[in-house]
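Here's a structure for you.
As written, the chain order gives the labels A, B, C and D, with residue 1 at the start of each chain.
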Amino acid sequence: MDNETRLGLYKTMVLSRSFEEAILRDYHADKKPVWDIGAGLIPGEMHLSSGQEPVAAGMCAHLTSNDAITATHRPHHFAIAHGMDLRLLAAEIFGRETGLGKGRGGHMHLFDPSIHFSCSGIIAEGYPPALGIAFAFQRQGKDSVVVAVTGEGAANQGAFHESLNLAALWKLPVVFVIEDNDWAISVPRDASTSIRSNAVRATSYGIRGTRIQDNSVEGVWDAAKTAVERARAGEGPSLIEVHTVRLWGHFEGDAQAYRSDLDSLIDPIPAYANQLESDGVLSREMIGSISQEAKMRVEDAIEFAKSSPLPSATEVDRYVFA
Amino acid sequence: MDNETRLGLYKTMVLSRSFEEAILRDYHADKKPVWDIGAGLIPGEMHLSSGQEPVAAGMCAHLTSNDAITATHRPHHFAIAHGMDLRLLAAEIFGRETGLGKGRGGHMHLFDPSIHFSCSGIIAEGYPPALGIAFAFQRQGKDSVVVAVTGEGAANQGAFHESLNLAALWKLPVVFVIEDNDWAISVPRDASTSIRSNAVRATSYGIRGTRIQDNSVEGVWDAAKTAVERARAGEGPSLIEVHTVRLWGHFEGDAQAYRSDLDSLIDPIPAYANQLESDGVLSREMIGSISQEAKMRVEDAIEFAKSSPLPSATEVDRYVFA
Amino acid sequence: MVITGAPSESVTARKLTTAKAMVEAISQEMDRDPSIFVMGEDIGAYGGIFSSTSGLLEKFGPQRIMDTPISETAFMGLATGAAVEGMRPIVELMFVDFFGVCMDQIYNHMAKIHYESGGNVKVPVVLMTAVGGGYSDGAQHSQCLWGVFAHLPGMKVVVPSNPYDAKGLMISAIRDDNPVIYMFHKGVMGLPWMAKNPRSLGPVPEKPYEVPIGRAAVVRTGRDLTIVTLSLSVHHALDAADELASQGIDCEVIDLRSLVPLDREAVLESVAKTGRLLVVDEDYQSFGLTGEIAAVVAEKDPRLLKAPVSRLAMPDIPIPYSRTLEYAVLPTAERIAAAARLVMA
Amino acid sequence: MVITGAPSESVTARKLTTAKAMVEAISQEMDRDPSIFVMGEDIGAYGGIFSSTSGLLEKFGPQRIMDTPISETAFMGLATGAAVEGMRPIVELMFVDFFGVCMDQIYNHMAKIHYESGGNVKVPVVLMTAVGGGYSDGAQHSQCLWGVFAHLPGMKVVVPSNPYDAKGLMISAIRDDNPVIYMFHKGVMGLPWMAKNPRSLGPVPEKPYEVPIGRAAVVRTGRDLTIVTLSLSVHHALDAADELASQGIDCEVIDLRSLVPLDREAVLESVAKTGRLLVVDEDYQSFGLTGEIAAVVAEKDPRLLKAPVSRLAMPDIPIPYSRTLEYAVLPTAERIAAAARLVMA
């Protein structure tokens, strides 16, 4: 793996983290003194992906904007790694008319046709539409692929099973990705899943299953390379599970009283920085400047969002029907 | 396996077949000259199980009326093998007030609490209630088990996946049975299922999976013995797939134009009779008298049904709420 | 409001069953637009359990006419995803009764993506599905359920009652850029193996044509009483109207044809004339179509009504299997006529 | 019709939030009946995302308070099967919006088995679920959807608006031998992290008691206009009524509390008195509750109405995320007052 690629992975992760740190700040900024989920410039549920950046960065490094992503209720890292315009993303999160969905969607419902990106707040229900996107790519003679994401909790939902079977049966160009962050809200993996590795479940569909055990962005990158190449070559779907980490709460406001693993969490971004530093790919200065540049882009996007107009109440019934 | 058991299996299969032959006769008897699905003494869809008797006979030989069955839209063989009163069964099929459901259910909705039997016309949706029955048995300190049945087509429905995972996770006393009769209406197995054997799918849940390749009632009996014993002993669920045969149409009236395998079908009942005969367990005379006795019981049930009163139209709204 | 359901006999002599009219619509549109494909259970070699796709596999081959596994969630989602990427899927849910295994894909995804995306994504899916009872198929295979789909936003809902509308509404549905649920009653399909109303065979022009979505048809004009209904019940209502005419009661019968959008004007115009309203529905009574139609009048002007509104619908009970029971709750012509006489009394 | 939602302050001084009242009901019933258990996502250690089960795990342990995988179809079915075998499950669907992934188990099984079995099988399940919006949770997490459940037969549907009813209806639901859907609005729970109506904290007797299912409550008496509503909207209606009173409009406010059975008498009695009807609903407008209530009057006697019926409901659009848009469609007190003034005009 060349240095440029490694640097790219790092930058993607940093950008994603910077974005979420800014959202985190602004999400909580105006909910005090009595914290109210519906108040402030960013109301509603907020599921942040910090800790899971290696999955998105590693996967999306193999994609272009002609490839598609179907993401989850926790979509930012994939949106950013896949190249979503930060301004449009931020504006949607702030509920503005300039957002991707003109403020109608919100952070769980991001649709960006320019990069074939979508997500859904319903567990595992992003998988089935991925089949159709892949089907269309196939019929249109494109070599594009779809990366379909869920969490490990979602892998026990019926849609998971139906989607893997149909994708395998019709040899659709989909890479199914499971982000195993050990938790589905407060329910630990071993209270939801009867086996240790969801990669095993690939067997049920006659496809390849891989588990990356250590939240390593390079491990993801490797597995993704094979899976994406196979899908592009018409060899059908694969399944990749990544053991990753949810650094923060399930959603903002989650006190995480149920969680005993908080002391042992490893943040993958500084860890990767250390690795790249000791490999001579990154210097302290570069770490600073990458972070700086990310922050500038992020703040520009946040600024754009905040200064954008809110949707007009009189237009609330636009876009119900095309 | 002792002779008595083998004879028992044979008798169960014959009784089931006799019953369905009588239903077949009466179902079509008064739909002519213009065949109308809604007409006649038995209207509505009619899914017959002939050819699949080995699955039910082999499984139910290990059960008592304290054990439960959740069956499918094709339920007769399991109902009969599990000991359902033929009169109440027939009366329900004829839509009479004396039927199991007082004429309100019909042949896809047979509920017999005395033998913990139920079924459903929705594909794979008999699996989830099976979990609850097993759960209740477990919590009530009983050693009863549940046999939950679907077809191979149903094994691609989400409910299948969710149910197996939850049963495995909570170690519920369920034996999941898949009747692989090669067809889901007109869709052949290889057009619906991405792998050859659904027994493989047991791996996804860390449970035992077995496939019986040859519609052998004794093969089913063997596999069932282990699975039922394990479930009773608190060792959790198992999966058994049986490669069986649908001798007739998906439902009555199905012309089966899509089907090219009609010439090669093997009827398991005469085949087993031959085997038992050559093993000296059955004689020609016994074959005759077993068939005779079955027919008598069946005709008694049909007679009971036909002479029973229809439900009263004024009572149509009884039993909506308890 | 359009005072015609079908063209006059002189325009076209050719008669088709509703099923054949649907198939013809799909076939002609598929000829025109290669992005259309059809998907569902037993819609290939079998031709659809209720003949909604007969012959299409032979004509278009397995690349465009695809049998699916029994995985409704997966293939409903497949339809949505393919539509988002520019294709125009027609997907069959074999019986509407099965919506419960895939409803999330329908109402939370297919129906909402356009809005959530601020209009940036279109989802042109036709979801066709068989509805209705009358042949003892029991509580899980006899429902209409259009009230549920019409209650939830983002989907158009069309319900043809005859071959002419079946073709025209199918063509409109396919050309529509929105998800359209197309609900066909088994009893109007003209199937050779099910008792059928004579009007399930009717004149259908050969050329493609649209029947606009959202416009009711006055299928019989009358002075005394407005009967608002749809689907198979249209025929029962017309039969009842014939009988009532001989008893001096002159009924106007409105075939809604579409629930979303709902042609409220057509209802109001008719009730303004007759002053009496009977709503007939094979779907469950409460919290459904009959209530909505009553409300349309009550919120416009209750003084339009010379008599209380009457509702004849499937009562709120699971649909019983036994014919005696099922026909005690179905809105038959006799029960419609009886209800109409009560309104006039 | 019962002219009281809660007991007078003298009877009980103790105040609980709605969430705590629900938990107390469950806890007291679990003490009484060992066959009751609770199951759902994050209902154990987390105590329910909306605090509907707080503290139950600590009290009853993991054998009776069970977190499930995210497998709604499996565990809804588990509830049904366990109920059939004599247990009394309480199962939580975290948000009602998720019904689409498990609806078949609910409406084709839980709801129909009793009827299909000719009354031989009972299915005493309580299905509790959070509903409603107002905090920018978007189109997939803000719906009420009770119209769908009330439309489909075989399930009772209760919708408490305050702590007193929440406890009493929960106890009635648990003791009922039928499946009961218990829909609690997030905004009435009295959660510390969400803006709350002051009435989400209210007097609740300590002893177990039942509030009968199927009986509406007149929560404010008035002469001029009947406002029929339920759930959080009751509070908005009461707030609007206070404002309207100062403008000389005297509103009667009916809290339906239960949709199945529906207390039609309570509606008719009130409208017979006031002659004017405004129906307020946070569920989608068409083919739902507002239509049903209008129909109740229109089919009884439209001459009861001195003015057209008015409906104020969530319009038929997916629920928008942005607060500006969401509050343009929610039935707030201001919008209720405006609608009421229009009816009186």
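The working rule: contacts are C-beta pairs under 8 Å (C-beta built on N, C-alpha and C of every residue); 3 or more make two chains touch, one makes a residue touch a chain.
Model, not experiment: these values are computed from the prediction.
**Student:** So if I look at the partners of chain A and the partners of chain C, which chains show up in both lists?
**Tutor:** Expected: B, D.
**Student:** Farthest chain from chain D, going by the mean of C-alpha atoms per chain?
**Tutor:** B
**Student:** Based only on mean CA positions, could you tell me how far chain A sits from chain D in angstrom?
**Tutor:** Inter-chain centre distance comes to 35 Å.
**Student:** Provide the C-alpha centroid distance between chain C and chain D, rounded to the nearest whole angstrom.
**Tutor:** Distance between chain centres: 32 Å.
**Student:** Would you mind pulling out the distance in Å between where the CA atoms of chain A average out and where those of chain B do?
**Tutor:** 45
**Student:** Listing for chain A: what residues touch at least two other chains?
**Tutor:** In chain A, 101, 103-106, 109, 120, 122, 125, 156-159, 162, 165-166, 169, 191-193, 320 touch at least two other chains.
**Student:** Mind pulling the residue numbers of chain D that touch at least two other chains?
**Tutor:** 68-69, 71-73, 97-98, 100-101, 104-105, 108, 112, 115-116, 138-140, 153-154, 315-318, 320-321
**Student:** Make each chain a node and each touching pair an edge, then name the shape: line, ring, star, complete, other.
**Tutor:** complete
**Student:** Write out the stretch or stretches of chain D touching chain C in their complex.
**Tutor:** Residues 73, 97-108, 111-112, 115-116, 138-140, 147-148, 150-154, 259-260, 262, 284, 286-292, 294-295, 297-303, 305, 308-311, 315-318, 320-321.
**Student:** Quick one: which bits of chain A touch chain D in the complex? Just the residue numbers, please.
**Tutor:** 35-39, 43-45, 95-96, 101, 103-106, 108-109, 120-125, 153-154, 156-159, 184-187, 191-193, 253, 257-258, 310-314, 316-317, 320
**Student:** Over in the complex, which chain C residues touch chain A? Could you list them?
**Tutor:** 37, 63, 68-69, 71-87, 89, 101, 104-105, 108-109, 112-122, 124, 153-154, 156, 177-178
**Student:** Which residues of chain A touch chain B in the complex?
**Tutor:** The contact residues of chain A facing chain B are 156-162, 164-166, 168-169, 191-195, 200-201, 203-207.
**Student:** Show which residues of chain A lie in contact with chain C when the two form their complex.
**Tutor:** Interface residues on the chain A side: 68, 70, 99-106, 109, 111-113, 116, 118, 120, 122, 125, 127-137, 139-140, 158-159, 162-163, 165-166, 169, 318-322.
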